[in-house]
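Paired with chain B in one complex and with chain C in the other, chain A is shared by the two complexes that follow.
The block that comes next holds the complex of A and B.
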């Protein structure tokens, strides 16, 4: 993530799963105002339920600097009930318990800290249900 | 009628056994388990802190309250482990749960009773007619220094309570607070771990305040211990709450449901609130509940609740405390425990 202004801007989708559903049916969690397939600007704001399934996943053994002490950990592509696709860490599980198609729920967790004196970044991760 | 309209708790999935800590320091595990009356304690995940625990508990409280979060006029989080020294935990919570921005938010601190303090103030707001709903939360990721007796008990978890005047599921009948300057446990600024007065934390601190508050609450209400279905007290270990309860005339059977310390440890600000949540999970309409917290420094908050006809329909709407305590668990060895609790110093 990033410094305070960007972090604050991303709060609606990272904290509350506020998403956009376009007239074509395309649902996006990261804020988009244009449908990438149709170019439509017609959308409604929705709040995702937080429930979904794992489409694919991998185990990270060599991580970016902020996460080197958390390895190994699981990162998954998840499709929510509403059809939004997102990438999230899958936590509170053993890597061998993660399967494609497994049901997950998004929970509110700490994502990273910006050093010892910077802000703490929060957002969604997934747990197996 | 003003009381609890929604309640919820949360404990992390990670645990360390008392015998694992005893093995590290060469202590007698059987004597420790017998003395403290606890076998294991919760440990926060690497990505969990007081804010994430408070939010998980508050989500469960909202599921039971079934109200629009925007109607909540105040949110208070009591903790001695707020992640920021300066920046309120409650600001993250209200934005995560869609409460506010028209909301009064404050973080409370009073050692282990900051949670009941938050409940006390939230309840008072609604009782005064100042607002329709207010939320009080107790949550902690408490710290015990390596090798210290507190390391066996200091754990993580929390509970949230929404107070209101409509569709009340546990009516607040009486309250009382009892406070004095008693230096039994403290942590100075910039210190990683608290210090405590050893045996001074017992009779002159915990028992003086818990019994003082409890006796006055019984006097105020004109009730006797046998009038209650349940009782819960702050749980720094397994023995203290049972001894305090017995002294006030409560039986172990009345305290059993809320006595979660043997599986959870001492969640500090979340301790007696989590025990109360475990009681509300099973209480029947008409059951009376006696609660006294304790925070070092020192003070106690007391509440008498009476469950209403509404309680039964809310109990299955969110996770129950004892299910969380006995559900998914990952046991840590001491090395992983100190890494999870960030007791290892690294170069930045």
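The block that comes next holds the complex of A and C.
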């Protein structure tokens, strides 16, 4: 579910892990204007190191059509060392190697293809470190 | 605000309704509800639906449905809050009647899910499209991550988790509208195919077609239409983080807690007053967390309590007497309205073999996404 202009807008965070740190200390990878907890509107742009830990995870066996070829695949909620939370696939590993609390690093990978004639989508996935 | 009552209900069977279109189903439910109440004219119509555009390429449902239930000219609008759309439609209709803007409102919900080829994609639109769905996570996947967090923190076992759908299937046996009124065993859950580890197919509510409608009017006029009006005494609605990863605690659903608190406050009752509750068990783990957020159990206790026999007849609050989303079926936009219908039938003493005896208060809890929204209704027998 991505079309080219929409995809382009997401490149800063998907390709380069550009994030925001609010004056309250809240760090978000998703582009926000307001810290949802404190209401702070003051922030600086930062770039995430890509290192983090798995908070919880699953193995997807039944996926939407665009991802079916990859099943079964691991999905995790990750908290980066800066405190940003995100959802990403964990790749280059067997599901039995994944554990809550495991250290991961975000890497640049292909995510999916938009059908036979659409663009190829890229973004971040995680590997165990 | 004026006091508001439910004076008529109607719903289709839930299931694979291949011969019925989205408007056929809505018309069946709406006309049944109008006949039940004995009303011929609807002043205002609210249609709860999550994704008719993606499922059936039909938007503008307020107009479609008003036209096809013989109510051209009525005020008509669609209400959307993902899987909580139906409950939000009831709330919207309640507000209009309570405000005095109209006397006879119809709140309905509908979803035609079996017309879609890629239902996982459609359902994932209720999550955060840019930051969650893009990763390939599905809705079962999001709830699976909640289940893992809960099981690791509180020591809930896979077998104990299976007790939730087993209980709900047992309840659905007595529900003539249920999609799956068949018994289910613990072994049947544990042997079902994996969908998103640790959740298996029998932890997940099904793909369903269906519609459900209720008619609301001011309580002081309700006796003109029915001997057994049921009063809506409390409503709470709340939002939460759209993405699961933004929940401070993956074993909690803040929107449910907030909606419940608001409904209890408005109704001036507490969990101990509630005889039965229809909860949004889209996945087995959801029923457990929701039951805790609504105050029926302490945090970390509901899963083991249900595994030990809580949540069914003769053992405190009855959870999902209808069979819940798992066994009754989950046509997403219709679910919240169907929950209010179950509360109404129970409080009218019309629930047949699944009747909860001596109930004064019943509750319906409807939820969108992975806790992005929730709406809670408390109803009282008159």
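Here, the second predicted complex is superposed on the first by the 128 of 129 C-alpha atoms of A that agree within 3 Å, B and C clash if a C-alpha of one lies under 4 Å from a C-alpha of the other, contacts with A are read in each partner's own complex, and residues count from 1 in each chain.
Just so we're on the same page, a contact is a pair of C-beta atoms (placed from the backbone, for glycine too) under 8 Å apart; a residue touches a chain by one contact, two chains touch by 3 or more.
Treat the numbers as computed from the prediction; the structure is a model and nothing was measured.
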For this session: Have a look at where A:41 lands relative to chain B and chain C in the superposition and call it first, second, both or neither.
Result: neither
**Asked** Can A:120 be said to touch chain B (first), chain C (second), both, or neither?
**Response** first
Handout entry: chain B versus chain C as contact partner of A:111, first or second or both or neither
Key = both
* To do: Return first, second, both or neither, reflecting whether A:16 touches chain B, chain C, both chains, or no partner chain.
  => first
Between chain B and chain C, more residues of chain A are touched by C
Tell me the contact category for A:70 with respect to chain B and chain C: first, second, both or neither.
both
Chain A residues where the chain B and chain C footprints coincide 70, 89, 111
Interface with chain A, chain B side, in the complex: residues 13, 45-49, 51-52, 55-56, 59, 83-84, 92, 95-98, 328, 330, 339, 346, 348
Chain A contacts chain C in the complex at 1-2, 10, 14, 29-30, 36, 55-67, 70, 72-73, 75-78, 85-89, 95, 100, 111-112, 121, 123
Chain C contacts chain A in the complex at 117-118, 120-121, 124-125, 128-138, 140-141, 144-146, 148-149, 152, 193-199, 241, 243-246, 250
Interface with chain B, chain A side, in the complex: residues 11, 15-16, 69-70, 89, 91-92, 94, 107-111, 115-116, 120, 122, 125
